[in-house]
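For clarity, chains are labelled A, B and C in written order, and residue numbers in each chain start from 1.
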Amino acid sequence: MLRDAWLMASKDLRIEWATRVGMGQILPFGGLVLILFGLAISPDLAVAGSDGRSLLAQAAPGLFWITVLLASLLALGRSFAVESTDGNLDALKMAGLDPAGIFLGKSAAVAAQLLALQVILGIGAFVLYGPPLADLVLLSVIVILATLGISAAGTVYAALASGLTVRDTLVPLLVLPVVAPVLLAATKATEAAVYGPLDNGWSWAMLLGVFALLYAGVGMLAFGPIMEES
Amino acid sequence: MTSTSSKATYVVGWAALVALALSLLFALVLSPPEANMGDSVRLLYIHLPTIAVSYVGYGITFIGSVIYLRNRSAFWDLLAGAAAEIGVLFTAFVLITGAIWGKPTWGTYWEWDPRLTATTVMFIMYLGYLAIRRMDLPQEVRSRRAAVVGIVAIANLIIVRYSVQWWRGLHQGRTLGVDTQLDGLMLFSLFLSVVAFLLLGAWLLVHRFRVAWLERQVEDMRLARALSERRGEAGGATLGGAVS
Amino acid sequence: MVNLAGAISLIGGFPALAGVDLTVDDGEIVVLRGPNGAGKSTLLRLCAGLAPLNGGTGTILGHDLSSREERRRIRRETGLLAHQTFLYDELTVEDNIRFWAKANRADPSTVEPILDRLDLGGRLRTVKISDLSAGQRRRASVAVMVCRRPKIWLLDEPHAGLDQSGRDFIDDIVRHAVRFGATVIIASHDHERVSNLATRTVHLVGGMVTGAAEGRQEGKNAS
């Protein structure tokens, strides 16, 4: 199973490298969303009782994570679009790859892409919104755990919508309610990592970890039935 | 079966109506206002039973999905789908009545309290489930994927509930059930309402399930006809193409 | 090898196969002929374990088509060549074949010789699939199939869209496959070419096998 996962992941990443969709399209999209938030929320509005901190800076964690979620929808759609053309899903079935391995591989590839995106988008958020940074370690942990959770859950639901022309509108409807807790926990934890206090942050990070584990398990179990078309 | 009514549904239907009428009486007239909340406690008699029926519906969806994945029985598949629709219907009702009632009572249409937020996310989640049931794919594929979602949705529900509760824990809004004291007549009214709504939900479920069952039978009949038409193509060929 | 009795296969609710009786023995080259929409592609997919068996009975290579576990085994041991390439457009020939060889647990040492033999080892090696001609793409798909060494080769209109040398290539491949012990089922409109190859012709109309065939007699249906 792990061997199959590695095979799928390296193949997906190789395709990404060859087409540069992640860097060339999804990253600019993410940057655009960050800027749009700045346009929608005036940088001059200050938050009462926060030492003149701007509303934008205060809301930065949440805005960052919404941007990540939207970018992840694109990445997830792409992950399965690649398999839908040219009958590749059939070919994967013919090859007899372990469905759990396929799941792990594809979600790992999506996670890797998202992590790369977040490093750059994160820097962008700091630059555009201007929040401070209290704890980089906590922030890194949050980013990793949240990404794993979003990738795992997203891969499950993107697979459910695969093979359809309405996929692009169905995937957001399925994925976003499910990862809403991730948005919540990641935002809260990031607020702690950025503004402090820190204890809160680690509790929320734990929730992210539980979510990621849960959906890794769900994906490994559910991918077999999902892939079995007949 | 050409109609979805039966003796059972008549009994349940009438019982539901009577129970609803009675509970309305108790809720609005006979039961007293509550010590802390006054008359706004009466919303509880509608809200709690409605959401209770939703949960029962989603629970049936869960059970039906599990059983369907095991034995591929059309009964459990259709039951899961029908139950989810009833659940979504009642959830929508609770959200709308909450908003309408909320404005005159507390001044706002919406409150970011844990329960309401989690309920709304749950509502959208099951809309997704229903969307999967309508996907343009072969029926077995649709049913299997829907079953997976129906099962995982319960885990989602729990996670959303707990995370939202944690989130708003320090900002407790005006949640019903907190700081209220129910006793005697009020408890009875509540119980009566729950029974009434459950009967209503059951009645709707049976009808909706039967409609789905009939739809499935129509599909099967259409398939049988398509099969014989298809064979006609072959028959026409062996007869030297004389038949069109 | 293949044993179908009254096989029914539903594609999107439509009975693509409405009761097929077919027997194919080891080493045969069977040609499927019939009008468009007759169900040839579905029949091939059924033999590959990709299309569902909704009625009747069938065994492929001794494995029962109605069991999910057995269908997995059927997929491993059969190979399908169809209109789709089963390759990743965005990757090169070499990356694709290496990936699919590994995915199919094929012996990695066979990849190079196969690339060479199919004329893909030179300049074409590093070309993306999307940049290849139709004939070259078909060759790449065949390369993957050869790596897998399936016991039954299922070819759906393999000559379509190819020029003369491309078609000759397909014929060579088919003869080659049989010489190495495989059984071949081809669906084709290219009547002259395939009847030279085939040991037997089967006619398919309206999802059922009809009429007389050259060579051995098929199980009747409508009569």
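Everything that follows uses one rule, which is that contacts are C-beta pairs under 8 Å (C-beta built on N, C-alpha and C of every residue); 3 or more make two chains touch, one makes a residue touch a chain.
In this text the structure is predicted, and so the values were computed from the model without any measurement.
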item: Central chain of the complex, centres being mean CA coordinates; value: A
item: Chain pair showing more contacts of the two, B-C and A-C; value: A-C
item: Most distant chain from subunit C, judged by the mean position of its C-alpha atoms; value: B
item: Centre distance in Å when subunit A and subunit B are each reduced to the mean of their C-alpha atoms; value: 31
item: Between subunit C and subunit B, distance of the C-alpha-averaged centres to the nearest whole Å; value: 47
item: Inter-chain centre distance, subunit A versus subunit C - centres from mean C-alpha coordinates, in Å; value: 40
item: Residues of subunit C whose C-beta touches two or more other chains; value: 52
item: Where subunit B touches two or more other chains, by residue; value: 137-138, 140
item: Sites on subunit A at which at least two other chains make contact; value: 228-230
item: List of subunit B residues in touch with subunit A within their complex; value: 69, 121-122, 124-125, 127-128, 131-132, 135-138, 140-141, 144-145, 147-149, 152, 155-156, 159-160, 163-164, 166-167
item: Of all residues in subunit A, those that touch subunit C in their complex; value: 4, 7, 11, 14-15, 18-19, 82, 85-88, 90-97, 228-230
item: Of subunit B, residues touching subunit C in the complex; value: 137-140, 219, 222-223, 226-227, 230-238
item: Touching residues on subunit C, where the partner in the complex is subunit B; value: 8, 10-15, 18-19, 52, 205-208, 210-211, 221-223
item: Sites on subunit A touched by subunit B in the complex; value: 156-157, 160-161, 163-166, 170, 173-174, 176-178, 180-181, 184-185, 188, 207, 211, 214, 218, 222, 225-226, 228-230
